[in-house]
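Common to both upcoming complexes is subunit A, partnered first by subunit B, then by subunit C.
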Partner chain A sequence: MSPVEFAAAFDEFVDARLEWLSDNGAWFFDGLNDVLHAGYQAIYNGLTWLPFWAVILAFGLLGWRLTASWRFALGTMLGLVLCVAMGLWPQTMSTLALVLSATSMALIIGIPLGVAAGLMPSLDRVSEPVLDLIQTLPPYIYLLPAIALLGYGPGTALVATFIVAVPPVVRLTSLGIRMTPKVFIELGQATGTTGWQQFFKIRLPFALPSIMAGVNQGLMMAFGMVVIAGIVGSGGLGEVIYGAIRTLDIAMSINAAIAIVILTLILDRMAQSATRLGRRAVHESR
Partner chain B sequence: MNPADIKFSPGAWLAPSVDWLNANLHGLFALISRFIESVLGGIEGVLLVIPPYGMIALVAVAAFFLVNLRAAILAVVMLGFCLLSGFWVASMQTIALVTVAVLISVAVAFPIGVAASRIKRLDAVLSPILNVMQTVPPWVYLIPAVMVFSLGKVPAILATIIYGIPPMLRLTTLAFNQVPRDLLELGRALGAAPRAILLKIELPAAMPTLLVGLNQCILLSLAMVVLAGLVGAGGLGAEVTRGLTRMEMGLGLRAGLAIVAVALLLDRLSRGALQGRRIRAAT
Partner chain C sequence: MNTASDVAEDVLVECQSVWKIFGKNADTAMRAYKERGLSKKQILQDHGCVVGVSNVSLKVRRGEIYCIMGLSGSGKSTLIRMFNRLIDPTSGQILIKGKDIASLDAAALRETRARHIGMVFQSVALLPHRTVLENAAFGLEVRGISKAERHKVAEQALAKVGLSDWAARYPDELSGGMQQRVGLARAITSDPEVILMDEPFSALDPLIRRQLQDEFRQLTKSLGKSAVFITHDLEEAIRIGDRIAIMKDGVIIQEGSAEDIVLKPADDYVAEFVAGISRLHLVKAHSIMSPLAAHPGLDASRLPSAGPQADLDALINLMIGSGGDALAVVENGQVLGVITQQDLLRGVQGAPALEQPAPQAEHAL
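So, the complex of A and B:
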């Protein structure tokens, strides 16, 4: 078969399958899209319903609580004020809402999966190569299946972001569960704890720092993807940059890039501090 | 207070300076462009002048001797798919882009990484910068490159180089920090010249970690090169972008699978080189 024939046959096959899927699975994909969109919209509405200064103040306070550094808190607030001053507040909040909703989806699905993989080596042997593959491929291509089934909009962005954010969460959760020292598990068995107690009182606290590291990494992966998803109409800063680059609007693309960098650095630092706090809590409880 | 009351746009301030750069340093940028384009053109030419079947055979033989039979079979299947899917030229363009970007990234990152492992002060300065560089989403790297070099392959390569430097630099520093002290002291005690210590003791001892860095650098570069399809870098990324923006799913998925093939090929071969070395070192 020559490449040209193969390409034509392949495209026809894909188009036919997709048509079949969108005819027969429309209820499913539309429903999924609606659910994703509703989740994102709820966070976005919450963030934009509050006046911008309230959100900035809340971020400052949260940053101060987490890092115990007033300089970071002040920097956070100044950075966000800059986002407002650049006229990118709604887009910044939209990007934040996308990241938060995609990351929470990744956590809701990734942590149980990671726990299961940590407890069952056979599941781990299956999931490990799959996660490996997901992390090897360029993130950009995850937009393809998503856009084919969900169409243009935030739903596609969320699915693609979810795919990218899940692997570190699953990996580090299962790692944390597996790293629980054997002595403590045996201690638990010797003192006659039930399975649930053993899980919640022994394994989970030990796994917590690793899980938090997974959350942090997932968050950062989600950031990278959400910005790329601007091309499929995710809204937010990614779309601003995509538009600005295509029209070579230098001022706008610089502003949007600054807003993204500010938001990324703030969330990264906060997540790292939360990880550290979690680790300290575990050490103190020991 | 109204959000509209405060207005400040760093972009509007910076845009004139970008214009100034473009107007006054045009010669320099044109020179850089010319240089990158000629190197890229050379590699692309070499990859494309060999007929596809010859290329597949060549890679398979190389993979067989450098890694093992499985790697050779993988190479045949993956490159075969690139050919069958009708994206041979685009695949070779993508591989050429990755090759050039990785070569330059390594050339920049390796000396700095070695220096950072020797001079702790430099490491302390670099570490926070690298942290920020690895946190920032890849998209952001394309913006300054596009501003200066407009659309095309040159901004794509530059963004890819900058994106690929941090992992390589980090792992180079780590690799050289991990060289056992007793080996170094042995070298000094034998009166070996610093160059001999570097080449004969440190480099071999650091090699496994360096190859991990290379693998990371290759995969991140591939991710960036594909993404750079958005700014007209050509190759497989451009085909995916075409599929995405025109909603031609067959085209997009075909190009996506070709990217999967290229990614697996590059990943397994660079990893295989690492493992092959370990096995040989063990025997």
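So, the complex of A and C:
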């Protein structure tokens, strides 16, 4: 078999599998798409149902609460006003809704998985290479199979974004759980803690900074992917940029890029501050 | 409780020929030792296993401070971790208040650890995200005691170690010595019968260390607790311990009171440790005196007198104070012997008058 023949046969095999999956798994993927779309739509509707100034004010207040810096709060509001002024408000909110829904999914699945991997070295040995693979493949790769199975639209963008956001969450959670200093494990045992107490009172507080770093990283990865996902009709700023590239509308692409930078900076700073607050909250609630 | 302490030998912790062998084939190595009596070297060569603790038997009684002294790698940390089963012994039994700790199920083991055995670590291990008070109350928190109650008990414990004013601070705001006091307060908050001290003062500077040693001994005695105290410092063991065990290569090579060990070291290894130890408070009159008959010129009734338990320091003071050159050792009005200046100097030097060590110790090297 020549290389060309092999490649042809291999491609045919992959295509056939994918076709089979989309034929026989239609009920599953349609259902998945509906669920994802509904989640995204709910957040988006919530953000656009409110007048833009209310959302901006809410962001300002939240930023002030989290960072305790009025400068950051003011910057947040000015940045968002700029998005409105550029005529990109609905797109900005759409991107925000995508990032939030994809990141929440990544956290809901990634944190428990990371905890399990952190506690069970055997699971970690399996999950590590899988995460490596996900992270080494160019993110574009996830768009095509997703489009074949879920169709054109935010559902596909969500899945691709989720896949990209999940590895740092799992990895840093697992690392955090494994990093508990040995003497504190001994302390827990010597004090007579149960397994749950050991986890919540000792391992988790030590792991929290690492877990929150994972949340932050996941969020940033999601931002990166959500723009790329403009190609598959994600809507929002990603699609604006993709459209601008196709029509060589440089001004518009720069506007959208500015809006993305503003949104990313705001969420990054807020997530970092939430990390600090979260650490204190865990210790006070115990 | 009373019935237990009425028993003459109220043993809280007992080890019966305990072994710990590290490595994959620990059990085969153990069997090989029992059947063929392999040496440690052979066990390492044939089975790739390291012997951590080898055939240790000991008893810690109620109210006693038991020091285990050894250098790093002597197995002392492994041994102490078997007392609360942080490490399982490969062979042998550990009895806590007469109960084999290996036979306990998970819940009973937790119970024993929470109520009967406290532990203090060299690195203190205070939870950094909790206040001093919350750290001190940790043991009670784990047992599900209400916040008000556990904080009350923890406050009392902090008062005992002199840290009442620091309850609301975080560990990183405290000095090393203060942190270790919190570690001690955490251990006594749970009111255990035995406290395991894993080199608690090793990382502290010398002045603070001495201060904490004295405080620890006083506190333990006043609370009537027992303690197993691990250290690499013989001087510390002597200051703190009622009994001292010296460990080397996983074996206890000598066990006894501080005086026993300093005056009658079991072998050259112990002798070498003992060499630098000040004898002023260890050596007692009865062990350096010579019989009255050996000094026909002395009239014991005219000499200043001291009890047989008076230490060198007191004897020197007495002799200098009296201006004479001999003392009488008197108990219940009977003259047991006399101490001359020579005897006293020999005592300080470490060579008891009657038991001159044979010079063979040097040849053995």
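What to note about this one:
Convention: the second predicted complex is superposed on the first by the 260 of 286 C-alpha atoms of A that agree within 3 Å, B and C clash if a C-alpha of one lies under 4 Å from a C-alpha of the other, contacts with A are read in each partner's own complex, and residues count from 1 in each chain.
One rule holds for everything that comes next: a residue touches a chain if its C-beta (ideal position, glycine included) is under 8 Å from a C-beta of that chain, and two chains touch if they have at least 3 such contacts.
As the structure is a prediction and not an experimental result, all values here were calculated from the model.
Of the two partner chains placed around the shared chain by superposition, subunit C is the only one that A:191 touches, whereas subunit B remains out of contact.
By the touch criterion defined above, A:160 reaches neither subunit B nor subunit C.
Once chain A of one complex is fitted onto chain A of the other, the partner contacts of A:56 are absent, as it touches neither subunit B nor subunit C.
Applying the stated contact rule after C-alpha superposition, one finds that A:169 touches neither subunit B nor subunit C. In the superposed model, A:201 makes contact with subunit C only, not with subunit B.
Of the two partners, subunit B and subunit C, it is B that touches more residues of subunit A.
Shared-chain residue A:183: touches subunit C; no touch with subunit B.
Subunit C meets subunit A in the complex at residues 81, 84, 86, 109-115, 117-119, 121, 123, 125, 127, 129-130, 134, 138-139, 141-143, 190, 196. Residues 1, 3-4, 6-7, 10-15, 18, 52-53, 81-82, 84-87, 89, 136-141, 143-145, 147-148, 220, 223-224, 226-228, 230-232, 238, 241-242, 245, 248, 250-255, 257-258, 260-261, 264-265, 268 of subunit A are the ones touching subunit B in the complex. Only residues 181, 183-184, 186-187, 189-194, 197, 201-202, 205, 279-280, 282-283, 286 of subunit A touch subunit C when the two sit together in their complex. The touching residues of subunit B, counted against subunit A in their complex, run 1, 3, 6-12, 14-15, 18-19, 83-86, 88, 132, 135-140, 142-143, 146-147, 150, 219, 222-223, 226-227, 229-231, 237, 240-241, 243-245, 247-254, 256, 259-260, 263-264, 267.
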